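Take a look at these structures.
Look for chain A in each of the two complexes below; its partner is chain B in the first and chain C in the second.
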Partner chain A sequence: MEDLDRPHRIAWLALLAVALVVPFLVNFDLYLIHVGIIITFNVSLAASLWLIWTLGVISFAHAGFMGIGAYASALVLTKLGLSMWYGLWIGAFISGAIALAISIPLMRTRAVYFFMASWAVGEVIKRNFAYFKDFFGGWDGVFDIKPPVLDLGFLQIDFANRVAYYYLALFAVTATVWVIHRVNSSRTGMIYWSIHENELLAQHTGINVFRHKVICFTIACTLVGITGALYAHYQTYISPKTFDIWKSEFALVHLIVGGLTTVGGPVAGAISLTIVDELLRATGYFRTIFFGVVLIASVLLLPGGLETVPGRLRKLFQRTSGR
Partner chain B sequence: MYELEARNLQMKFGGVTAIAGLDLVVEEGEIRGLIGPNGAGKTTFFNACSGRYPITAGEIRYRGHTISGLKPHEIAAQGLVRTFQHVTLFKKFSVLKNVMAGNYLHAQHSYWGSLLRTRKTREAEAGSERRAREILDFIGLGHIAHQQAATLAHGHQKMLGIAIALAAEPRMLLLDEPCAGMNNDESREMIALVRRIRDTGITIMLIEHDMKVVMGLCDRITVLNFGNNIADGTPEEVRANPEVREAYLGSQAHVA
Partner chain C sequence: MSDFLQMGLTGVSLGLMYALIAIGLTLIFGVMRIIQYAHGEMFMLGAFVLYYWHAEMGLPYWAGVAVSAVVIFGLGAVLQMVLFKPLHGKNILYSLAVSLGLVLIISGSGQLIFGTTTKGIPSAVSGGVLLGGAYLSYERMVISAVSIALIVALWLFLRRSVTGLAIRAVAEDPDTAALQGIRTGRIHWIAFGLGSAMAAIAGCMMGTLLSIVPTMGFLATIKAFMIVIMGGLGSVVGALVGGMILGMIDSVVTTTISGDIALILSFVVIFLILVFRPSGLFGQNWD
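Then we have the complex of A and B:
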């Protein structure tokens, strides 16, 4: 069982502390808090995608499963009148259940075939939302997905308030990353990485590779289902296009820029690239071009991603101090 | 009851017959050599025993249980574990972590335990690490436990492959060319290691091309040719067998 060493623990706690005081630092600026909430969604998406990556594959259906969580929670509200406190868990459950069913055939494919199959799954999920107009609202999507109100009797928190929602989203992303970290730093993570490293050998040491692949995929999709539900109730509007392949691809870019070997990678990648993306918003049509330049530059200049930065700095420091 | 028993085993790949009705038994506690020219079906036999490829016909029994048809992880769980001809490791893991990963069957893994880090899980992991260190000390890789597997010398990588297999705590080991690509010193070390493993009560079957190794190490030898068992016996018997000379080494050859 690999526990975090001190520098890592301090870094994580510092990140959490900064995230906690961010609303005060930005003087409750609504736009900046909005960016903060988007960051939490992107971090959850990238981190749970990374959990699947620990098996050695990337699922392009991941945003689709986020969509399943979002639609489930939204429809539970608009059709049944149940608030997000129910929708969240129903969304997570349905996303996980569908992931379990789909991963049974999906996990029999490998490498490039898995990518193609997961791509198809993602596309099918999106098209289903669009096709079943009466139920899912077609390409127009679902409107008026109200954020919940937390009633503790003595205290009422209306999550229509953006600052309140920020803390809710922050709590969710912290829990998500914590779960992924726990899974990854335990025997379970060792199993996933051994499948990643050498599936044949993993099988012959007695690991039921197929079973663990299915469970891993299900856990990741359950987590992203929760993220989807939170997304739906924050934006109050969802459409099939929100959860298309491109969203999965952006999460993949977050992974690559952030780094692939630790959960810090997707977290760093999602935070920094979401900020870059927002900074580039002012450039209008050039936004995607600049985004592409940032991506290429980071891959060329920083192979291994942002997670290698601390190690590089340490090396640099040692070299200069040793001289 | 035999340790390992193949009855009328057939393995076909499309039109190619790799093993054609093989009968073979291995007794508990022996070191059995499996030799034969290239393409005789030696590795295919290991692949059949370990469940890597499905068998075409016949039966394989391990300690009285039919194992043909089972998946590789189920066969490993019964105590029959193999190594590979080519270096097969978790290359980015440290040496210690390689062996700990190999210890999966005895690490009492559970998802809730991983998430909640219960006392039972922590104890199981500590036990697994202890066991891995024991195995590394036994193999003689204890001093490089924290090195990355990919950076090891070839001989050490082959030994680590065996350490991973031992971590599954097998009762029988199938070693596919343990000495392949080794120099003389490394070979000698490997031979000593195989003997020590047998002395702990593990039955061993090994494929090997180096006749000196096979003749010196094995209690009994089975000779395959074109997927058939053409001879079976002690090294002396096999060496004296004219059919073996004819089929395997060519009629003019002199067996070492």
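Then we have the complex of A and C:
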């Protein structure tokens, strides 16, 4: 991460270090580790959605593509008997291939219409899982998706163990965020931001806007397909309802509360809001109400999201110390 | 033959109701360029106002519809002034997020306050007539008539009245409208309230046909969105045509094949429309 300045690099490494030692700090409490795993899934979902956002659009089909990865990996196990180590890549590949095929017509639409069209795509994906009962199991979903076992010869790791799965998920999310960061800080990432800023101008400077949009969408959906496969093998059960529009919308909420300009935004948003959500789990309907209040309040009172907090604090500190 | 007539009649009456919800949404988008995700929630609240007025307190039905429309008009106007005004001119994503938060708050507190049991509003009219082998209830006829009347009224309002012309001017070009002395802030809350009130009236109409629950708003939002994308955002004619297409698909495919396929098919139709006409059938290219 040579292109990050020092405070950022320290912050990222500190976050990773904390994530690595957390299981020891919580004394291997199974519930808290479960929350940790859910956080990793939400972070990769939000971060890969953010990659699409660098083009200036938000896809509501994102949870649907997570579902494609999850279903592909699950069916590879239950129908063909291949473990997750194959399912992961097959899921990612199928998710990416479908994303590629769909994004070619989808990317013809712009701005508001893209929101709507992607939302239709997400809904069709979900409905297809529900409709083809024989193949996808209908609304009941797919059961008994076993977590994999890693056999290194001298060492056997059974990922049915939650702590082991936590580290697997942590590895995956670190890789995902790293890939997204690398893409974003490369020349390609700058092209995405130029499309974000002004599509017409980008086109006039010789950028093949359409092709870049399709590729970016495909990368993001491939990444989220991996997340979906990991999700399926962790929960051991998936249904179409898991991947409905609300999941995409909550990812969007994570993005907006976290901030939209750097990849740190979705990471911060997903971590903090997943924790808040878990804390509110016992409160029933208040959970949804409170979530809505947090969302509106953060949009109106903290424009720019959580990622602007350090800057704001610094400003505040400088102002008070200057007087 | 009578089967087709029946499907056609159901499709038209369904389509008119859908159009009524969608026109409110398209009006709000056209004037303010925001996606009002909580539009279905207005529909739900409208139905509940009528429920408390008519079924709980026993007051007259039609007065209840008017009260519901006024209450939701007020609510919409207040929401616009408090929540959406500060976001004016920012990325559309922020207003989308705020309305998403509204959905969570309104449907969450709806389940808390109204309870999750299904409720029904007694119909204002009963009976029906056989028309060439197809049965048409008076209730559906009344609902269709009300929908048509409201759509025509809105159309006339936008074409003839001073406020309506101001609304269209703001939708066309806010800056120029402001230069002509139109108070755009005022137009914004009027349009928001008006759109919400249309949804509320649609809720009152639908409430007698279906049972009402606090979560019914989401389905209405989905339908309204599908119609608005098909027809093109900001276009009243588009909303009417889109409503008809969706009503027909719902009616014909649900009777001949199944409800699931009807939904999938309508999404596929939307997708195809967007592929060939990226701004909907009657839409403009908003940026």
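Before moving on, here are some points about what is shown:
What we mean here is this: the second predicted complex is superposed on the first by the 321 of 323 C-alpha atoms of A that agree within 3 Å, B and C clash if a C-alpha of one lies under 4 Å from a C-alpha of the other, contacts with A are read in each partner's own complex, and residues count from 1 in each chain.
In this section, a contact is a pair of C-beta atoms (placed from the backbone, for glycine too) under 8 Å apart; a residue touches a chain by one contact, two chains touch by 3 or more.
In this text the structure is predicted, and so the values were computed from the model without any measurement.
With chain A as the common reference, chain B sits beside chain C without any clash.
Of the two partner chains placed by superposition, only chain B is touched by A:203; chain C is not.
Contacts of A:289 after superposition: chain C is touched, whereas chain B is not reached. By the touch criterion stated above, A:116 is placed in contact with chain C alone, chain B being left untouched. Looking at the shared chain after the overlay, A:28 reaches neither chain B nor chain C.
An angle of 80 degrees, to the nearest 10, separates chain B from chain C at the C-alpha centre of chain A in the overlay.
Comparing chain C and chain B on the residues of chain A they touch gives the larger count to C.
Judged by the touch definition given at the top, the superposed model places A:143 against neither chain B nor chain C.
Touch criterion met: A:193 reaches chain B, while chain C stays clear of it. Aligning both complexes on chain A leaves chain B and chain C separated at their closest CA atoms by 14 Å. With the contact threshold set out at the top, not one residue of chain A is in contact with chain B in one structure and with chain C in the other.
Those residues of chain A lying in contact with chain B across their complex are 1, 179, 182-183, 186-191, 193-194, 197-198, 200-209, 215.
Interface residues of chain A, counted against chain C in their complex, comprise 58, 105-106, 108-113, 115-117, 119-121, 123-124, 127-128, 130-131, 249, 252-253, 256, 260, 285-289, 291-296, 299-300, 303.
Interface of chain B with chain A (complex): residues 50, 52, 71-73, 76-77, 81-82, 84, 88-93, 97, 100-102, 104-105, 107, 109, 111, 113-115, 117, 121-122, 124-125, 128, 164-165, 167-168. The touching residues of chain C, when paired with chain A in their complex, are 29, 35, 83, 86-87, 92-94, 96-98, 100-105, 107-109, 111-112, 222, 225-226, 228-229, 233, 260-261, 263-264, 267-268, 270-271, 274-275, 278-280, 283, 285-287.
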